[in-house]
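Take a look at these structures.
The two complexes that follow have chain A in common; it is paired with chain B in the first and with chain C in the second.
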Partner chain A sequence: MMRRWVWRLSLIPGVAWLVVLFVLPIGFVIAVSFGTVNIVGAPVYGWHPGNYSQIFQSIYVTVFLRSLLFALATTAICILLGYPVAYFVVRFGGRYKGLLLGLVILPWFVDYLVRIYAWVSLLGDQGFLNGLLHTLGMSGSPPLRLINTPYAVIGGLTYDYLPFMILPLFAVLGQVGDSVIEAGKDLYGTPLQTFFRVTLPLSFPGLMAGCALVFLPSVGDFATAQLLGGPNSYMIGNLIDGVFEGGGYWPFGAALTALVLAVLFVPMLLYVRYALRGGAVIPG
Partner chain B sequence: MTEVDSVDQPATRETAEWQRLESEAAAAVPRPPVRPARRPRSQFDQPRFLYVVLAFVLVFLFAPIALVVVFSLNATQSLATLSGFSLRWYEQLMHDSALLSSLSLSLEIAAATTIVSVVLGTLLALGLVRGENRWTRPAQTVAVWPLLNPEIATAVGCLLFFTQFGLTLSPTTVTLAHITWAIPYVGLIMRSRIVGLDPELEDAAKDLGATDLGALRLVVLPLLWPAIIASGLLIFVMSFDDFVTSYFTVGAGVPPLPVAIYSMIKHGVTPEINAVGTLMMVLSVGSVLLALVLFRMRHPRREEAVLDLTGSGIA
Partner chain C sequence: MSAELWTRRMSRRTFLGVAGSAALGIGLAACGAKSSPVSSASTLASIQPKIDGDLNYFNWADYMNPAIINSFEKEYGVQVHQTYFDNMSGMMAKIRAGVPYDVTFPEAVEAYQLREGGYLLAYDHSELSSWKQVIPFFHNPWYDPQSLHTVPYVLWTTGIAWNSQKVSNMTGSWNDLWNHPEAKGYIELLNDMHETLGMSLLRLGYSFNSVDPGQLSDAVNALLQLKPSIRGFTSDDEMSIDSGQVWIQHAWSGDFWLAMSRMPASQRKYWKYETCKEGVPVGNDTMVILKNAPHPGTALLFIDWVLAHAAENVGWLGYPMPETDALTAFGKIVAEYPALNVTTEMLTHGVQFKYLGQAGLQLWTEDWTKVTA
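After this line comes the complex of A and B, so read on.
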């Protein structure tokens, strides 16, 4: 083996890149969030916590809470759909295990915006479902309102991030092994008891990892709410987008971003605690 | 106790004796109430609803994108009713010079991102695995954090960073930002593979007279090649498809393809998006399948290759 310090040298370029283009930029977000702007709109650093107190106006608080609510709902639906799928593929997939897992993951590799577009064309007022209802003679004169609803946003988020729930669950359930489940049955557990007292607790790290991996990106998502939700379903990401791409007051946008980071810090820590120690998965 | 019968045993006197004793014992013990016959083991806890959920999820996942493909071949503008086969939307796409230049820009960004991040990410992974001690912990944190950070926060950070240092937003800044999330991703995939590498192979090479670098070049790299190419293909797809980072870090001028599609959808849906979406799907899914085939080469546990490729292995 080469000496260890030689290997450590190979860390330098990658770590340097990430420090300059990731750690430093996160520092800039925090610095700008306490700053103000000069006459041409460039950030000036200082101490202006007012940028944060601005967030606690009711409209922004509503949007913030809505983002968390949407993300929680998405996470819950992903558990309800993802757990049975992961369980089925691991235990009963047999020789089709890899194929089934691949099928479940594959749509995630279709471009993110194309996937959202697919839902727009499915749910839109002139879209496929309304067309189908029309053909069946069941549509009223105003088309059924499917798009621009909170349900469309939550459905779209579920579609975006469901694979992130299934992958870590698949990884941990694969390690549970048939023998402990058999043991549960040998001890006269009913299938339900065996599930709740053996399988579920053993898969807990994967479940936590999956929840973090669905929740974290859902909170920060904005294209889904923009294209499937409309103004009444806007999320925190849409506010940030409005500030930075709509010519808003940058320190306020930075404060919003910093707050997202602060709120998500706990789930991130949970993820690191459960998943990294437990050897689970991070899909990008 | 029927297990005894099922085991193949020569019919010796001992077994006959055993069976006699056993039936006597069975007769002596009061029998528990007869339980209904067990279903075959494989179905013991295989509730029907699992099939229903799986079927529902597969339909949920595939129906919307199937719709995009089908309607890209539709003869009319409608997104609701099919009215014959035509390639007119692909034709329109071929003459849409704005969209085509977005396409080639996205391909260029993806290529640059792939090359830089695969080199840096592989080095990072080698360093993290082979040089591991408590001083590399911070490096480990820095190598994982960007994967968990909400993409919008990373993108805003990059935007502030670039403006602060007076870098004009351009395809270059987009590429720099892409590489930032791509390095940790390559690092993650490669780590899962390097951890599984037998260090004795290198020792063997050195016993046979190879230098350190020789062992790396002749033994380690050849074993890692499929994984390196697979992670490169994956990064190519992810960079090509990336929307959020590109959206925040691109300036005026030709937008990358996903950003162009975003504004197309915002300004009203046209079937041309079906056509470009279908082409992107073919490119992405094709590359990912190729990546998977490569990554499975020499993979110790083949069915788990999907897991490792999508980033397991910080065990």
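After this line comes the complex of A and C, so read on.
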């Protein structure tokens, strides 16, 4: 009996942290979205629903849908690239599992913006790839436009969030264990069948976690689109950042933020319900 | 079965708990209205021009010749503690929060807002030995009548830079951004709401600071019409020019100069800068002492020091300062590009950035977001 209370008490610091630094600020943002500003730009709280009158215009819906699309594409590519990596490391990594995993995380030791700049020098007009094409005698003038395109943005997002897909998959595949896969092979015969009937379903919780960890931040990402994107690949995060950092009218930015939160709430809720329902039960 | 019920109840309870906390946040925000720390009436503070401690300096990064800061530290035996901001929004947020900086560098519009909000110290400028070097325009600027609170820092103009090897037929007009289809995909505009939307207004013959919805709508449509031809919106025009990724760049005068100073002569000979006949936006930064500055004496001496060494600053910065020595020095430095000079004519008859007002700011923000969407 007492042990349960002890466990519950241990949740308090974490919950307090989340409430004070996450939930309350969201409340502030919503409050600002209904307010106005004073002469020095400080939020003045009040009731100005007119701040929301502009955000349902088709132009913002387009940008928002584009952000969702980019995030979906990023998630899909992360699955296609990340799953094999996680599977390989778990099944064949042997004693080098930790090292290989370390290599996956290594880029994250470098600052986020610097990683995006790395892609700028990779894809830029005078960058590495164009230089390579030039050396091979395959470039024209002007150079190939790789940067400032939607593909560069998706590529940058994928590069950035790939570890978030690989790590949960690694964790969950690690629990599957060789014996289960061997048993599956006995039952189903071919490795492919075993994969789709045994391994994949068992890895679902990790896959769902990875999707949530990649999709949700990607939608709001703005630094990638700012440096790698062009005027037709800016995301909703760019618009919001433009208001807050660009000396704009903060309540409008807050209204856009509230819109993003409201829409993202749905997939987030779905994921939480999936996780609470217990997901898949992994045999020991 | 009970597990199902438990999870369902749990998620509803959790949801209510989270929603309640968020609502608490809204409520707290509404109740905890921060009051402005000071009244807006400005009586002249008497500051003794002597050191009263180290200096808390708050500026853009790389926006002052380090030699000036070092020489000040050596001369007076104090330390200058430097903090940097990335944009005016960040600066304003920290000042609103009451962080105890001594001297900071708002642009003209922000200086106006801070002065109106009662955040700036008013002091007798005759305490500054170099004040008479500052050109008369800034003895009574629009944002600070009688210049009681501010000292001008750096001046700039906004114009168009272009690579004459790729593009020709530039006419000294903002239309040059629209009328070069051969440069499609190699044109960039500044990612700055007031600069770019204002420029579009100027081109149509409207005021740079118009808050008329119809005029703004025209300006937005003109930019949307240009949008398919541009490569993007940039805050780093210097990098864009240097990287060769643009042929026509909406640019700040000083950034053009800095880009040229880094470019090899073989490429540099093709690059030019023009100001435009529909209107030349002229901006300036200011130096101010905050009302809650813990060391106003040191701040006063520092401002005087910067004024006295303005000629050293302009070469390093690539931008002029409105002091007689500095303007002469700058004119010599940019002899190759006379369009980079900021003349008194530009100041008195040019286009200045003005505060748009809360309603105007809302309109501009919504319209600018439409342009960048």
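The working rule: the second predicted complex is superposed on the first by the 234 of 284 C-alpha atoms of A that agree within 3 Å, B and C clash if a C-alpha of one lies under 4 Å from a C-alpha of the other, contacts with A are read in each partner's own complex, and residues count from 1 in each chain.
Keep in mind that, in the parts below, a contact is a pair of C-beta atoms (placed from the backbone, for glycine too) under 8 Å apart; a residue touches a chain by one contact, two chains touch by 3 or more.
Since the model is a prediction, treat every value here as computed from it, not as a measurement.
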item	value
Partner chain(s) touched by A:38 [first = chain B, second = chain C, both, neither]	second
First (chain B), second (chain C), both or neither touched by A:26	both
Partner chain in contact with A:246 - chain B first, chain C second, else both or neither	second
Which superposed partner A:124 touches (first chain B, second chain C, both, neither)	both
Of chain C and chain B, partner touching more chain A residues	B
Touched partner set for A:146, first chain B, second chain C, both or neither	neither
Contacts of A:17 with chain B and chain C, given as first, second, both or neither	first
Contacts of A:98 with chain B and chain C, given as first, second, both or neither	first
First, second, both or neither for A:157, with chain B first and chain C second	neither
Residues of chain A that lie at the interface with chain B and also at the interface with chain C	19, 23-26, 28, 32, 42-43, 124, 126, 244-245, 253, 272, 276
Touching residues on chain A, where the partner in the complex is chain C	19, 23-28, 30-32, 36-45, 51, 54, 57, 59-60, 62-63, 124-126, 142, 145, 147-148, 229-231, 234, 238-239, 242-249, 251-253, 256, 272-273, 276-278
In the complex with chain A, residue positions of chain C that touch it	3, 7, 10-11, 18, 21-30, 33-34, 36, 86-90, 92-93, 95-96, 113-114, 116-117, 119, 185-186, 191-194, 227-228, 230-233, 243-245, 358, 361-362, 364-366, 368-370, 372-373
Residues of chain B that touch chain A when the two form their complex	42, 44-47, 49-51, 53-54, 56-58, 60-65, 67-68, 71, 78-81, 120-121, 123-124, 126-128, 130-133, 135-136, 139, 142-154, 156-161, 163-164, 176-177, 179-181, 183-185, 187-188, 199, 202-203, 212, 216, 237-238, 240-244, 247-248, 258, 261-262, 265-266, 269, 273-274, 277, 280-281, 284-285, 288, 292, 302-307, 310-315
Residues of chain A touching chain B in the complex	1-2, 4-15, 17-19, 21-26, 28-29, 32, 42-43, 81-82, 84-85, 87-89, 91-92, 97-98, 100-107, 109-122, 124, 126-128, 130-132, 134-135, 159, 162, 167, 170-171, 174, 181, 185, 191, 194-195, 212, 216-217, 219-223, 226-227, 237, 240-241, 244-245, 250, 253-254, 257, 260-261, 264, 268, 271-272, 275-276, 279-284
